[in-house]
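To keep things simple, chains are lettered A, B, C and D as they appear, and every chain counts its residues starting from 1.
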Amino acid sequence: MHHNKDREILHHFDPTKVETLIDLMEEYFQTGVFGGGNLGKAMKIILRAKEEGAKIFMSVAGAMVPGGMRKAIGTAMTTGMVDLIVTTGAVITHDLIEAFGVPHLKFLKHENDSELRERGIDRVYDAYVQEDGFPNLEDHIGKLIDHFFEKFNENGQLVTSSHEFLKWLGSKITDNESIVRIAYDQGIPIFVPVIADSVLGLQIWLKSQFKRIIVDEMRDLTVIQDLFHESPKTMALMLGGGVPKNYMLQSSLMSNKEYEYGVAITMDRVETGGLSGATLTEAVSWGKFTWEAPKVTVYSDVTIAFPLLVSAWRQYKSK
Amino acid sequence: MHHNKDREILHHFDPTKVETLIDLMEEYFQTGVFGGGNLGKAMKIILRAKEEGAKIFMSVAGAMVPGGMRKAIGTAMTTGMVDLIVTTGAVITHDLIEAFGVPHLKFLKHENDSELRERGIDRVYDAYVQEDGFPNLEDHIGKLIDHFFEKFNENGQLVTSSHEFLKWLGSKITDNESIVRIAYDQGIPIFVPVIADSVLGLQIWLKSQFKRIIVDEMRDLTVIQDLFHESPKTMALMLGGGVPKNYMLQSSLMSNKEYEYGVAITMDRVETGGLSGATLTEAVSWGKFTWEAPKVTVYSDVTIAFPLLVSAWRQYKSK
Amino acid sequence: MHHNKDREILHHFDPTKVETLIDLMEEYFQTGVFGGGNLGKAMKIILRAKEEGAKIFMSVAGAMVPGGMRKAIGTAMTTGMVDLIVTTGAVITHDLIEAFGVPHLKFLKHENDSELRERGIDRVYDAYVQEDGFPNLEDHIGKLIDHFFEKFNENGQLVTSSHEFLKWLGSKITDNESIVRIAYDQGIPIFVPVIADSVLGLQIWLKSQFKRIIVDEMRDLTVIQDLFHESPKTMALMLGGGVPKNYMLQSSLMSNKEYEYGVAITMDRVETGGLSGATLTEAVSWGKFTWEAPKVTVYSDVTIAFPLLVSAWRQYKSK
Amino acid sequence: MHHNKDREILHHFDPTKVETLIDLMEEYFQTGVFGGGNLGKAMKIILRAKEEGAKIFMSVAGAMVPGGMRKAIGTAMTTGMVDLIVTTGAVITHDLIEAFGVPHLKFLKHENDSELRERGIDRVYDAYVQEDGFPNLEDHIGKLIDHFFEKFNENGQLVTSSHEFLKWLGSKITDNESIVRIAYDQGIPIFVPVIADSVLGLQIWLKSQFKRIIVDEMRDLTVIQDLFHESPKTMALMLGGGVPKNYMLQSSLMSNKEYEYGVAITMDRVETGGLSGATLTEAVSWGKFTWEAPKVTVYSDVTIAFPLLVSAWRQYKSK
């Protein structure tokens, strides 16, 4: 009776079976229920998507660079785990702050936000941008924007887009741990649906007061939709929600096909009704996923689940 | 001893004192602790900001129109509670679906998302877009975009922005409950930092394949920053997080002043480190709020707290 | 087509229709979707349960007295809204602290927890127990326990239970805003499944070192199950989760009937798999609710939703 | 300047450095910020507590056995990671269901809760108790309670407590993966502050209708407080919140010492004001932790973080 085909005996996660990260993920997967089970399913969906030749499009929201995820994202790119990135201007801004030589900080002794303000230090939960982070970024990026404009303007007007600018920028970054640089090296397109929504965007805007720089939202749309359309099979891997998640998923709407695999990692709630916490099943009604698509939401802090998935992915891959 | 100036006796919320919505908000405020206390503080900050001549900039994320908040947002505009709106393309898209004659739906009997897909019905948690909602939107909006282009293009090229397009669109909408129409009537600017991230945006993109329509992110930045700069005092009222929250708050960064009042209503968590759940105190370190600014985060479903605040605001105002 | 019997047009919450608290709840109810809709449904379920002669059993977890909810709970009892309470030792302990003359505090200027420790002040989020709160409680309650023992022991041994002790205690409390006193006056039984888990319980334990006082868990079980069994119809109203929620719901398990109405107000998540966040539908599989029972979970801070429901209940009742 | 003693350069989690689970935890720890950083700190606090001779008291709330955590809890006991457990009646009930031969289930095809009810299957999120789980438990446990009573009653009356009963029960369980059995074998006391709040408790209650069985809450209090008092150094490890967390922490209140290490893993929120989500710093004001105690809250699904910590602990230990 326990072996009906619609039911399975619950496996308990067994730490004594865990020597490697592969063992760890297998135990999560075999457990199969609650949050740990979903983490295991997420790993399997990524592996299966790659085995079946799918491209993985990854959306990234939240303060992932101040949160210490820069190399995890980088490794996901260098190891062939992800093939396209949709993210926020803030993720790119913080990547560039480090690329131009100023690391983020942890504080051993907290100060209040008023004192930080006076010292020019910006706080991101328990991480910090140090005093010279933004001024140094502004110096470097200002010159690069000038350079970009001089090179690509036509008759004094430059119409560009986030992925065009970031691709060129990647070719100029020397820090080989930079997300933007790795993306360039690996041929991975980065889309920032609204680069204006960041300090990087404000720097472009500043230049646009003097030089006719136009960041056209429509140009990115053409490219991401073409890339989705050309990809025989596509997986959506979502770190957090927000615009990156919505923008990535909507790239399927004008196409006659859907995402065929899905993994979302988020702390957002389904009950608010917003897209950030919405189930991937709801997305089926919109034609963003097939009904049959293997898909799972892992309700977890991304900084716990994502680096674990990338680390384990490396081990599965080298088996 | 109970009357030290650094401490106060806790007041218990007293339902027997509550006849009106004003009484209700006063009881929340006097209670002053936990979530209810914060809701009362939010009301008082809104009232004080308005008394002191502040403009209220409101960011709106999440599926507020499918969630039944269209008139609450509308009333906040018609009663002078809010003076500027930053929102998502989805909020505008769903507003337009109704403006063009197709209401959203509640279902009394749920179906699964696969069946909904087949019937062309899109689900947003427990609300729905009916079959003809999007086709009807596409018909109407397609013609309006053509009209907009014909009117404003220069030599076959039109460079525009979300607030320009939405202002013009507002003048063409006949539904006087439409957020876009009310904004036009009241002279309230609406900013959608990334209109491309919505079905409305996809329709503009479709037209841009045939007509040279450019939606330039930089144009909105100029206008919102000017409006912030010109406003003698400004309050940030945030419904949810995401790009609308960040974009609105960053409008102070290039200025030599900060937001002086703040109310955030959200279910997002501070512990993920993302901006959506970040405290308003953290924003002080970035120079987005003054240290002294009255500010509070209400951890609540927006569809509970916001219509209550708007309803109570009307009563305070008419006292 | 919009009027199929399985679908309804979405009503938008209309603040211009809201003059009274009844109007407010009707607008939430008519909106019917997302969190605000669920709050409206909760009100209607309470009203319907009472109209149909149901007893309302209410579980109360969380720091409701420091959170300013003492009078809201009291009013729910004096107005006939609730008929039985299951709660924690902490709720009763904080009620007694006030009953014996020491109010809770709000601080206008925060101190760190180490300084509070030195000053003998205990913190509960942003509420506080002042220096003499616990010593004063211990004096009073110690004497009352002696008195209780002298009166009810048999041959030097007293076997009692939470509801017996609290009923007697209610008769001795002079503060007529006390939850324990109001419960006594109104004949509303209070159950604390584990009174040992509180400062009140530690005081009983201290006495039990000198006098043979036995708090028998089994005695309460008999009484609450009998009360459930005798109630023709019963509603479960749950403020938070934890032991009070589980204990109250399990009172139906040994019976041949179920709870017939349910309202849960909580911030707990369904995805952790724990009972605190579990849906009321899951409880159907356990035989705790009927499948047909009107039931809803409101994902809200209790200190926002509960006093609003009690305040509105008073107005509906006096219509 | 980057090397001030109050600040450190942020380390980014580096998946290319991760071969073993120890590497994984070291990377989390070195990252040191956001959720991942807190998970790393939790590991280090456990290791340090054990190195410094502390006893680890662990509270366990939530449906950990249906959630697949039975062996993870078991391994934490057999490897010397935990020294005392405070949990719910439900955790023990589900452990016993399996101990008496009936495993929990996963379903490959979901049914609705009404159909499950008809088939006698109880749901716990996405895990299930199969048809014969409870009847079989009731048979076995009924006989064991009879046996326990016959052995320990004095003149027809038996006054007992959760830890006494569970210790004896452990000696009778043959399933060597049972939490109750392992606890007996390892000499690890289990406390269930309110055994009445569970199906196990209801079975004891049933027997108490025929035999004078008294479960005295005060007896457990004496023992746990003595164990806390006798432990030279004590760490609190909290899986979820609720009564187990509060009960375990309050065991320090009557003592002149505090917990000296703390790790909490929870999805509960601090903003509701309840103890379940309260910070460990708040507990300092109550004298439950020292101000200096290394302590951290990991905001994570327990079924993700806990088995990972146990698996890594095994590897650190065998180094």
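Here is the rule we use: a residue touches a chain if its C-beta (ideal position, glycine included) is under 8 Å from a C-beta of that chain, and two chains touch if they have at least 3 such contacts.
Small disclaimer: the values here were computed from a predicted structure and weren't measured.
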> If you check the contacts of chain C and chain D, which chains show up for both?
Replying inline: A, B
> With respect to inter-chain C-beta contacts, which pair, A-D or B-D, contains the greater number?
Replying inline: A-D
>> More than half overlap in residue numbers between the two sides of the chain A-chain B interface, or less? Answer same or different.
In response: same
>> Counting only Cα atoms for the centres, state how far chain A is from chain D in Å.
In response: 35
> Distance-wise, how many Å sit between the C-alpha centres of chain A and chain B, to the nearest whole number?
Replying inline: 26
>> For chain B versus chain D, what separation do you get between their C-alpha means, in angstrom?
In response: 43
> Mind pulling the chain C residues that touch 2 or more other chains?
Replying inline: 33-35, 63, 66-67, 125-127, 267, 269, 271-273, 299, 301-303
> Contact residues on chain A for chain C in the complex?
Replying inline: 33-35, 269, 271-273, 299
> Contact residues on chain C for chain B in the complex?
Replying inline: 1-2, 5-16, 18-21, 24, 27-28, 31-37, 39, 63, 66-72, 75, 103-109, 125-128, 130, 177, 267, 298-305, 307-308, 310-311, 314-315
>> Under the definition above, what is the set of chain B residues touching chain A in their complex?
In response: 61-63, 66-67, 88, 90, 113-114, 116-117, 121-127, 159, 193-199, 201-202, 204-206, 208-209, 213-218, 220-222, 240-243, 246-247, 250, 253-254, 267-276, 278, 281-287, 291, 301-303
